[in-house]
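Below, chain A partners chain B and then partners chain C, in two separate complexes.
Take a look at the complex of A and B:
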């Protein structure tokens, strides 16, 4: 069997892509790539695998790298860039073309040691709080604009014998990421973006007092049995996708739920459009404003062929982003996407929140070494929510950082 | 001469990878620098590793002990009962389910909903109907390991039963008859006749169970992901090797696992040879 990356037939122009999107998402990306093939006649062979992080290095090591790879996070891309396997984007696009397409923040996220390598295709927005506006209106609650207001609202709910938050972190062998997202979001709101970057790069220790401070603020919610529906055991046992359902029960199990835009896929079918709304997770320290925690998918080029170059340029143009936007369940990191293209109100609102953000930072756990980012940071958050001492949890994570 | 192909296959698929694993266990995560015994020091001092060792011991004792003894009791009890075939089939049935499949089933059994909500988990439905608060079976550190162990017992009791039942049926009828004539009751027959006569089978079943238990990781992986103190050696090996891509540590844990299994295998082989000689 001939794997992708082997250009056997020289007459047939084609570009191969290895990516993480499979199933319905694969169909969408193929639709977004279709205009490219129509315009240039270059065939695009997209292969989606759910074991991307293990498949790609094997392909590259055995000399069968795909022309383009679509990375689910920039960490792995950075490894290949440092090994010299990737072609810098600067050889395809001019700096002006890049800044025309993406905000500097996204270009920074696509850069490795100062050189931009990738083209962002999809963004996910994590700093969102979901709520039921009908319940808010019926009870006279207002959408909080600051962290203090949000905590005051939580306390008010508790005083009335209600439970403010739904938190479910169970996610099979990936359990823990919901907790790491929370702490990252709080970290961004209580420390400077530079400190956040130092934390990701381990230029400050994991048990730094600023990280501990963020964890303590998270603890104000998780360490209080009255704050979370079901308390600690509920948080640890509830699958992350079921957690949001508590907003829509009668009476509601909870009134607030913090989760990324992708949780929309888990909304029950019988929930009306006017029963769901979102607000950005409010600022904590005024000086750090309203930063947004993001994740996303990024394309980078392995094999320097004319066809691959053309495709990279196409991916940086607004066309594929516009096509994908109209298909729904997608937010574009591209600068020039008309908000009206998004098919529903919530996605439009999420894109707006993202566009307005002055500071965006990528999910820290995705950028840290696997032993921490998918290991001790995850399990540490599970332990912490389960009642373990915060200082000890941070010390354990610090000790596990690969040296 | 005739064993050459077999030897070639064995060395390609078994011996060489084993040697490679031992070799890698003395190197760092990327297999570049020699680190001596550092990985082994990690394996025997790291807190998570120690928890895994403790859990594996718990698994070994409980799964092997309970599956084998339950299997034996059932094998003796249903022997010559009218519904023997049906009873045995039902108990043997879980054997046909994969670890992951069984874990999915048991995830429903252990499902937790906060107090007051409708319990969809069988166990918590029973617990709450008796008036108690629901239990987070998979997250409470006091019960979660036992909850996982119960799954494997459920899976393998049937296996132990079938093999032991065959051994029980293999006991010559005249021996038991003679014992009865001598006035032995059922209890005495069980301890003085049945057990000694199926001793070798018991040993084989037990050692097989020990090996199976040492290899278990699927149940832990699917049910708890190793969180809340449920990690076992094999699940840590997978994590270090494939999630963290630390080949040194992953190989080290594999070597330790191998060393733990070797004595069990030797016992099994000795037993086998002794039996061959008898023939």
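Take a look at the complex of A and C:
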């Protein structure tokens, strides 16, 4: 155990945090942490880096771990927890305090081998379809409640010579993750949550028939050139942040776009509030209902100092979540957040969808080993959308799973 | 007399004309290569002057279809980058890192290069080979061990730590470059100085350093550019908090967690380019002088 900070600063109480939020998001989290400093006099030094996944292991391995780290996915946190580098949350909060703050589903996501390590700070809701309600009203389209209705609407649009979907999966060296989100969402809607968990844990092979089934359903959209604006080439070459813009062109390039809540940051400034709306990606098999695919940011503690403990307890309280909620572009995974705190209609609706969800599951690619989750699963989606055979794609991913 | 002058003028002219025609292909080739080489930078520069919506909908070359329309150009990207909090501090940090991290390796490398080239001591070649071998060691492999040592010495998160790291990473190339240059200086000159009773230090300061200015200047540009553009070393040894973060970290944070503000990078690139350009043009006269030195007998 190394002493916190450098000598000489011992009388100045502080907690260091390494996180992924940068830019505008960093300013917001600093505002959410400000009440803590006001109340306790403990200074919080937040350092945001966009190379978090490489920077943090270097710091930890060289003995300079931050007091707290904000992980963009629980997979990396689990690695550190298994190495014994993290302090279990149970040493800071009682189980009652935890269940008071978070739903069991979120606590399960924060647990590694049965022990809870982290405090969830931000949630992303991924199972959303974005559309332009003005266009829907003008053409008499209705928001689909089931997958069949959604595909029927798509067909109707094609019959009229229009393009139903905008899809863009280009994302630099992370190209393909949009495709993995699609498959995960469909997987949740065509298989049980338990099967999904087995798939993530590799208890069933990646080329299992249920995964192939999900990929085939995705293929009904991607393998049909008329379904996507720009066809396969358009899907592969359009940056994910730009593809949503097709909803608002005149005439619209497309009418539907599936993407997480964070895409709101890419909406052009001249889009009015009544031009954009969302509905949850509809259910496919009735028995599995309407599950929601999520992602999120979670805090965990490396250095066991009294100040860090206080900050962890503060992060599990509703106060920072409330502050962040009022600042916008943020959804809290916390239980006790008043929906009216969210500043805009869309965020409120997203939080409502999240609260109502009976089943939530974390983004599978974020939980799988890096070689698959941020490697072959991504590249496999690129191949598949590019026209490769689905079975072969799944076999390739299965072979790449580290043993 | 006048006839003779006229005649010589005419031959001069025809000479020049044939020379022009002979060199034309070379000139065309050079201009074409230079044009292709600068094209991406030009595109980036024009993009930096366009609003995000335009960048998304049309290519940068479309500005040439109506180049006189001033309203299509837009300085907002530059304004956004410059106004973003911490930009001034980041420039100061970058300078604080880059200036010593350029000066220290130059000083050490020049001394070492002289020793390798002109001083005889046992194991000289072996040591030099060792230094050259260091050229192929990827610096990424050193990050964790060095940071561990730094953490124990209390150097982690300090500017001194980054200076030392950059010095060490830059030295192999610097010694290699300078040794080759200094080793190629005329032997007679150094022997004459030695015969006249000049010590090694005197030969170094009075002869080697002035004569090696072109090589030192080119290494200075290399090293400065490398340190100025570095993100990884600074991020690992210094960290990314506002009080120490250089321009590169500040810029990479500017695009936002989802990369939604990517368009600001166009302007950011040109803003961060200003200082290296000043360094380059400031040192350029040394290149020119170095090339001309000794070309004419006086």
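The rule is short, and it goes like this: the second predicted complex is superposed on the first by the 395 of 403 C-alpha atoms of A that agree within 3 Å, B and C clash if a C-alpha of one lies under 4 Å from a C-alpha of the other, contacts with A are read in each partner's own complex, and residues count from 1 in each chain.
As a working rule, a residue touches a chain if its C-beta (ideal position, glycine included) is under 8 Å from a C-beta of that chain, and two chains touch if they have at least 3 such contacts.
Everything quoted here is computed from the prediction, not taken from an experiment.
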TODO: After lining both complexes up on chain A, report clash or fit for chain B versus chain C.
DONE: clash
TODO: Could you look at A:359 and tell me whether it touches chain B, chain C, both or neither (first, second, both, neither)?
DONE: neither
- [ ] Report for A:175: first if it touches chain B alone, second if chain C alone, otherwise both or neither.
- [x] first
- [ ] Return first, second, both or neither, reflecting whether A:379 touches chain B, chain C, both chains, or no partner chain.
- [x] first
Open item on the list: Is A:402 touching anything from chain B or chain C once the two structures are fitted on A? First, second, both or neither.
Closed with: first
- [ ] With the two complexes superposed on chain A, say which partner A:47 touches: chain B (first), chain C (second), both, or neither.
- [x] second
TODO: Kindly classify A:204 by the partners it touches after superposition: chain B alone (first), chain C alone (second), both, or neither?
DONE: neither
Task: chain B versus chain C as contact partner of A:158, first or second or both or neither - done: neither
TODO: Touching chain B in one complex and chain C in the other: list those residues of chain A.
DONE: 171-172
Open item on the list: Help me check something: in the complex, which residues belonging to chain C touch chain A?
Closed with: 53, 56, 143-145, 147-148, 150-152, 154, 156-157, 235-236, 239-241, 249, 252-262
Open item on the list: Considering only the defined contacts, which chain A positions touch chain B in the complex?
Closed with: 54, 171-176, 229-231, 233-234, 236-238, 253, 369-371, 374-375, 379, 382-383, 386, 396, 402
- [ ] Note which residues of chain A are touching chain C in the complex, please.
- [x] 2, 6-7, 20-26, 45-51, 55, 58-59, 61-64, 171-172, 241-242, 245, 262, 265-266, 268
Task: In the complex, chain B residues that touch chain A - done: 29, 47, 111-115, 117, 136, 138-141, 221-222, 224-228, 239-240, 242-246
